[in-house]
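Chain lettering (A, B, C, D, E and F) follows the sequence in which the chains are written, and residue indices restart at 1 in each chain.
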């Protein structure tokens, strides 16, 4: 079965990704998500490169907003690991208790009204049509 | 079957909610979501009161951030009506094309890594444990 | 590509299922769901036999309650066809507008609190543990 | 990080909600869900007021039916905490083992046919159109 | 509350299903899923008969492919028990580490592009229309 | 609002991706998914590079198996566009009607048993534990 691939057991290709993760994130450890993906080095590399590009500072959305969105999706999907790890990341990026409370309120409400819209079989209003 | 309840057909209780929606949102029309809920005035009132409280300016998260979160949840749930209406709301609140592009990138990535975390059966790292 | 298999084009095996559907449901037409499944007669038969057994009157839950549950699941999954067809079935089984309104209220609320429970990473209380 | 807010540590605003929960539910303890939400008193209050209104006896659906619907949604969303707590609540409201078995059978079947309807790209039949 | 129904405590009807499961799967134990369903013998029997028919060798898809699909669905739904049990079943059917890595890569990517398609409100191209 | 970016309106960066898509897929047109993503060239490029790498022939899973998995995920998520486009892609890769029928049967069953496992709160058996 799959193991977590620790740094000292990792191939040079995997170590290079681990080094980059720690450098970009300014941490000195690798969390289990990456140690799992390291069982498939191609997926490890591709996933990290994509996340690094997407979460990079300097875009139109600031890093905290991106982490809030990550928590919102993970909560909607009810992915335990993802909620735990991205809530920690969001706090590190500046999320306060008050922000977390409002985030949860919006996520909860959106999940409620999503079902009301579907269950009532509501049709898209003309001004909301996309193209 | 259910109809959309138009303003001129609405009971005073429903009209009061419609008036408040238009006043708070500074619009002169009511979208189909509310005209559907109006078939059940208690749900119409409760849902509007909750959304008004949650989306109110002046909290820890600004209105644009809240709308981005609403779009993120609706996209994850793949609710067509909700994506259309809240994308329009987010644009009204200031979302640019660049912000929308980054929002989608984060939402897509989060849905991908949520499944990688689950499929690899990753355990929560000690530093990410919540309590 | 797949077609809807109409009665006059159907094989004897498929016709036998169609006849049973119309007899059990006391209708004289077959809806698109079954006409699609008829492209794979084994799935058509197995699905119909399972639904017939599960939705049969005389169990611990009455037919209306079962249809309400069917609508609740379909709404949570946001399956357009399923919402439309099972809302119609629920009405035929006796669902009033007031019942529909309360059903939607509960479904919406449950989808909201599901995410609050997950996002707040709430642990199961001792008295709620299953075994 | 967030803690569970115990009664003796709670603010008067939170205590008032706790007191109401225990009075309405005729219990003498508060489960972890509410003790988590108490970190954000506005969400605690709003969520409790909504649930109290929705689950109140005397509507078109009886309390047991509403709890069955709550379990159906929570099971579809695969929310561990919600399944555990609402299964307990449904039993308290009168759900027997036979009812639970039928509930699960309907929920499982609905989740199956939802995907068959989507995967076969079934179009809504004319008689099922909502408006 | 529900227990796992062990073989020596089981009714003849349940034992007959257990015997068939062990014979078809060439194992000498019953996993918790079936021991839970055994609380409702009708669901136990119907579910086993359906799975046996669907997963039977000799169809158009080989058993390994079917188990990969089972893992793909379970991962998308983030069902912990199902991921664990069907990953084990897929390995028994011949899934290598490399196959698992590619499976996860496709599942992750599909979950990402599903949301991009929804969020961008992409319309179905003419050549992709089903009927 | 966003438009579909046609080839003749596209920037050189977007055209280069379009050319590569058509070359790899041996087609002479671009479907709406890519024409939507082209509104955000970085997402267009990254998504295409990832899909090209993941779906490339010569891995441990053959291209048809990968497309079946893609349809399985899209069906579970009930993403209309994705079901339509990947069902077409799977047929192009060799999916027969019989394979499609079995695919749907497995996907439906997996979605059913996922909920039964969750609703019955089944614990992971020792032999299925991942690490």
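As a working rule, a contact is a pair of C-beta atoms (placed from the backbone, for glycine too) under 8 Å apart; a residue touches a chain by one contact, two chains touch by 3 or more.
Here the structure is a predicted model, which is why all the values come from computation and not from measurement.
Asker: What is the graph distance from chain A to chain D, where chains are linked when they touch?
Answerer: Minimum number of steps from chain A to chain D: 1.
Asker: From chain A, which chain is the farthest off, judged by mean CA positions?
Answerer: In terms of C-alpha centroids, the chain at the greatest distance from chain A is C.
Asker: For the interfaces E-F and B-C, which has the higher count of C-beta pairs in contact?
Answerer: Ranking E-F and B-C by C-beta contacts puts E-F first.
Asker: From the mean C-alpha coordinate of chain A to that of chain F, what's the distance rounded to whole Å?
Answerer: Distance between chain centres, rounded to whole Å: 21 Å.
Asker: How many angstrom between the C-alpha centroids of chain E and chain A?
Answerer: 27
Asker: Multi-chain contacts in chain A: which residues touch at least two other chains?
Answerer: 1-2, 39, 42-43, 46-47, 50, 76-80, 84, 87, 98, 101-105, 107-109, 111-114, 116, 118, 120-121, 123, 130-131
Asker: Considering the complex alone, what residue numbers of chain E touch chain C?
Answerer: Going by the criterion above, the answer is residues 1-4, 42, 46, 50, 53, 130-131.
Asker: Looking at the complex, which residues from chain E come into contact with chain D?
Answerer: 2, 39-40, 42-43, 46-47, 77-79, 130-131
Asker: For the complex, which residues does chain D have touching chain C?
Answerer: 2, 29, 31-33, 36-37, 39, 43, 47, 50-51, 54-55, 59-61, 65-66, 68-70, 72-74, 76-77, 79-82, 84-88, 96, 98-99, 101-103, 105-107, 109-114, 116-118, 120-125, 127-130
Asker: What residues of chain A sit close enough to touch chain D in their complex?
Answerer: 78, 91, 97-98, 100-102, 104-105, 108, 121, 123
Asker: If you look only at chain A, which of its residues touch chain C in the complex?
Answerer: That would be residues 71, 75-76, 78, 80, 83-84, 87, 103-104, 107-109, 111-116, 118-121 of chain A.
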